[in-house]
């Protein structure tokens, strides 16, 4: 932590700051510049110290040097984390595609979608049973009966499954059914929920909050990791900006940045990022080109009859076309598309 | 709901859209313009219909005409809502100031603050027992023992109390102690939590989410209102923008806008909006000048020793100075500062 | 400037950085922390150095300590700048109101508006002759004939006048007629234009860019100041955020922040900040309460017939009502409303 | 244009609106809904009408149906525009890469860079002679002598050249030397400058403004097109958001969106979008995968000695590596990398 004093501060003010630092057992290291005196704080600092020092007379600003997250940081954990489940590895050489309907509506809808996406090359089945909805008057999902359908269809098609959990008290219930617990963007800073999914040892897919920067996102991951759950997958799904043509703005740079600063796998969700089906394929390909470890794609047999998020869902045909383009893109990045499990073990 | 067809769409496409509208029991009303054909949808539309129609061939855009919130809307409830508790009315002629420390640290800290803010003219005591923190390594509050202190100090100083609730499972516990349940910005779209506070009949102060627009904010209020709880107070506390000099950007226009589109009272929290103590008083005065029904202000006996958010807390002296300026501003808006209860009933 | 090295960087990397610093005649000051080695750069640094050092192996980040603007900074010029013109002082004890139509349409429109706003207490007359328009198909202003009308009406009503200049080649022309040159938000980083208005010695009102932070805004002022023109007035007129209910989001905190970091006067333009007439008065009052030195307000005899920005213009009646509320607000800040000149000298 | 009346508006208010519409020679078409009466405006509307109608009593909102840009719109010009210069086509089947230093510093620097990027497969040479700089104390470019160097090096290496023009009065000068005039992000709404480059018949590369939405960007293009210059290339270079880890946030969705709504070619500038060299290649590949027609890349022989924007410049080695990955990505989109001209005509 570095304390920058104001131009023209007094010697007393400098002494006051160094005394305060030493009073709590840390060392102060003064460096006299032309315009500014700068005081380095040596020792184990805690985040609240920044606030305390910033209020002292003569202080211009306090600059933290250490990153506030540790477990999520590549500096402290240089090797890539690979999240493994039922023969699928997320974060390795292969691009993993998770596909399915936004909301589970019926067994027929789910089964036909699962079969179609698996045939096209998807490895993991997604489907929402508990749906966060902006309005209290919208369809909120089938709840546990939806989870049951998802589990059955996953079993039948031999696909691992992923679904969202919204309430801390539902974590055990959802964890009973699914292979990956999904935390939605609106819950990225629901710290109680993060603690709870951290306590399970299930893989967790953590979506970036609509207005969360990289540090806040990794601190949210830190909540889960600090509970002893190392199986965290990050998911870029768009941030909120002034541009309203798309539902959100997919921050494509998140992919190489997370790869640089963290060891956790990163996937992209172009369906929620854009809210428009015709943008999903171009952005899915862009994400793979940028180095994403996987994709989360909404697919629906009849998007215009969907109970949720129809306009951002791909038809079976569009999904097949997208999947046919991924291997070439992956190849340019020395990677390949994961092969669905059932095709491996007959 | 209005469907705008693309320039040069075919007659078949128009018929397809009108058929779809009529199939679900609504009426379609066609209007032929120079460049665009426009189809009005008459009858009780549901939000999902927009998505469905937008996917049909030949459709350029679908524009919703009705507002998605009803109970929170001034159109449906023209008279101002006043939230009353223990002799204090929020949303009437008087400006209500809620003040206290960000986090409850000890009985001494809380009591001295309560006495100081009350003497200066604050009506309601605020204090955090459950604290949402960006990092898992920061102080998360005293929990129930903090609530007990708050209740005791509130009793002793004869001040109603407000505190945040973060977990759906804590709602009953927190509601047992406090007069107003506070929903933090990060939980504005924690729909499970909104349902739970809606089920209590306690007043709820609902902070605006960091990246929430007015419609989303009022829909969050609608979650609470639709559970039968009419005692909702809205609180502007800054939104996230590209400007990082302040923690957030206080959207001062929220005050007259909410007054126009909703009947719910609106207060401002300049402490969280700015994150810097020297901006709190100017922005508090600005909020009153813009028409706010009240203020939420952080005050701490020793801001530079605070366990949370010290830099945005006012000292007792600064708070007194602020309170001395409010009556004149209020007068320009034909309002006055609420007088603390104990001064009324001796 | 401070160079933070990566955790675990090598001694060679540290030496390489210090050598590079010393090669250009500066001194390096090493400070060894627990996690990070930090190197202070002492001497006269130039902005490009940051970029150069950031690319060296082993460097984590480079943090500038000095502010990049000097002439606009309060640190280097502690006393308030007051901009004086024809008996009006902007930046002193008095609140100065500049009012008039968005676009000059005719002599009748301008004269009736000038007379009305002056009678209500406005001191300076505003009016656009060169209008920046988002679309090439919109009314772009009357040009020089508009300036002539403005000068005549200003003469007749004894009001100083302000108008926008958009092209570097028009600066002399506009400066011939007006008392204050206005630089619009879209031109805040039109550096050629800034240089040109800097070369005149006329007062310049510099609007904040739609997506400019405080540092960029003050650097734009620095362009003008560094040409020797000290008469710069800053104007907050809203920034672009995700909220689209208002045209822009007025950043009310800009007022106390500019007052703290700069000596230049700061005024607010609630008309452009909101784009809606019914928000203009509440935000104008808020700006004065927050400490603004003045206001820029659009007034039109018949807003619904205006050729530009009608919806954000006040009628004469609404403007009179607003002006009647300002003195009380100003009083709470120990200031008063400036009295129009002609009322002083008969 | 559609006028939505307030719930419960009076018959008089409706008549007043329709009368106003008919008074200016347009037709009004009333449609009575359950909650709202909606009035369609038929005929040739002008943008100002929206403002005028919005102010009438009883009106809730006015919704424009037509897009305000015509010449830039795909609806009015369905076929792709291809911009051709010296044997290079932008907007056709081939991906065109424009590369070179941010600022021209010397003939040696420019020539060595030109030779290196051409050998790696770049088709067009970029280099800045007039540099927009946030601070008046930064290097502003070599001006005309830089343009001369650029022209000579372009001649020597047989590469078309592109360079930025900042001042309306410099347009003729810059146009004399370059093949493509570049309009920077800060000048996207410098309408005087847009008019001037529109009057030349030279190809113009128009960068998206930092806070400009798609409509404003296309309206800026419309300024150029409406002067009779059809050779406009759009360039996505990042928008300003709350995320400050990158200099800007590259809006990858801009690529497929522009392709859908406009016939103009679209290229991406990942160097300015991110400000960090290690993000340039992943985002360049992502842009090609998303369908971009070309790339604008900063390359410098010694990025850590560059006078401008060193941290975002690729070294020759990094650029060669990037160029080697593009053909595979292009192939997945049924496109190929353009072959530099000199290799065609010996």
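Order of writing sets the labels: A, B, C and D. Residues in every chain begin at 1.
By definition in this document, contacts are C-beta pairs under 8 Å (C-beta built on N, C-alpha and C of every residue); 3 or more make two chains touch, one makes a residue touch a chain.
Quick caveat, the model's predicted, so the values are computed rather than measured.
Trainee: Quick check for the class: compute each chain's Cα centroid; which one is farthest from the centroid of chain A?
Mentor: Looking at centroid distances, C is the chain farthest away.
Trainee: Which of these, A-C, A-B or A-D, gives back the C-D interface, meaning over half of its contact pairs coincide by residue number?
Mentor: From the options A-C, A-B or A-D, the copy of C-D is A-B.
Trainee: How many angstrom lie between the centres of chain A and chain B, each centre taken as the mean Cα position?
Mentor: That gives a centre separation of 27 Å.
Trainee: As a quick test, compute the distance in whole Å between the mean CA positions of chain B and chain C.
Mentor: Distance between chain centres, rounded to whole Å: 31 Å.
Trainee: Could you tell me the distance, in whole angstrom, between the mean C-alpha positions of chain B and chain D?
Mentor: The computed centroid separation for chain B versus chain D comes out at 39 Å.
Trainee: If I count partner chains per residue in chain B, which residues reach a count of at least 2?
Mentor: Residues 211, 240-242, 244 of chain B touch two or more partner chains.
Trainee: Note which residues of chain D are touching chain B in the complex, please.
Mentor: 2, 4, 6-8, 29, 31-36, 38, 40, 42-44, 63, 65-66, 75, 240-242, 244
Trainee: Taking the complex as given, what residues does chain C use to touch chain B?
Mentor: Residues 211, 213-214, 239, 241-246, 249-253, 255-257, 260, 273-274, 278-279, 282-283, 285-291, 325, 328-329, 331-333.
Trainee: Can you tell me which positions in chain C touch chain D when the two form their complex?
Mentor: 46-48, 51-52, 54-56, 68-69, 132-140, 166-169, 186-187, 189-192, 210-211, 216, 219, 222-223, 226, 240, 277, 303-311
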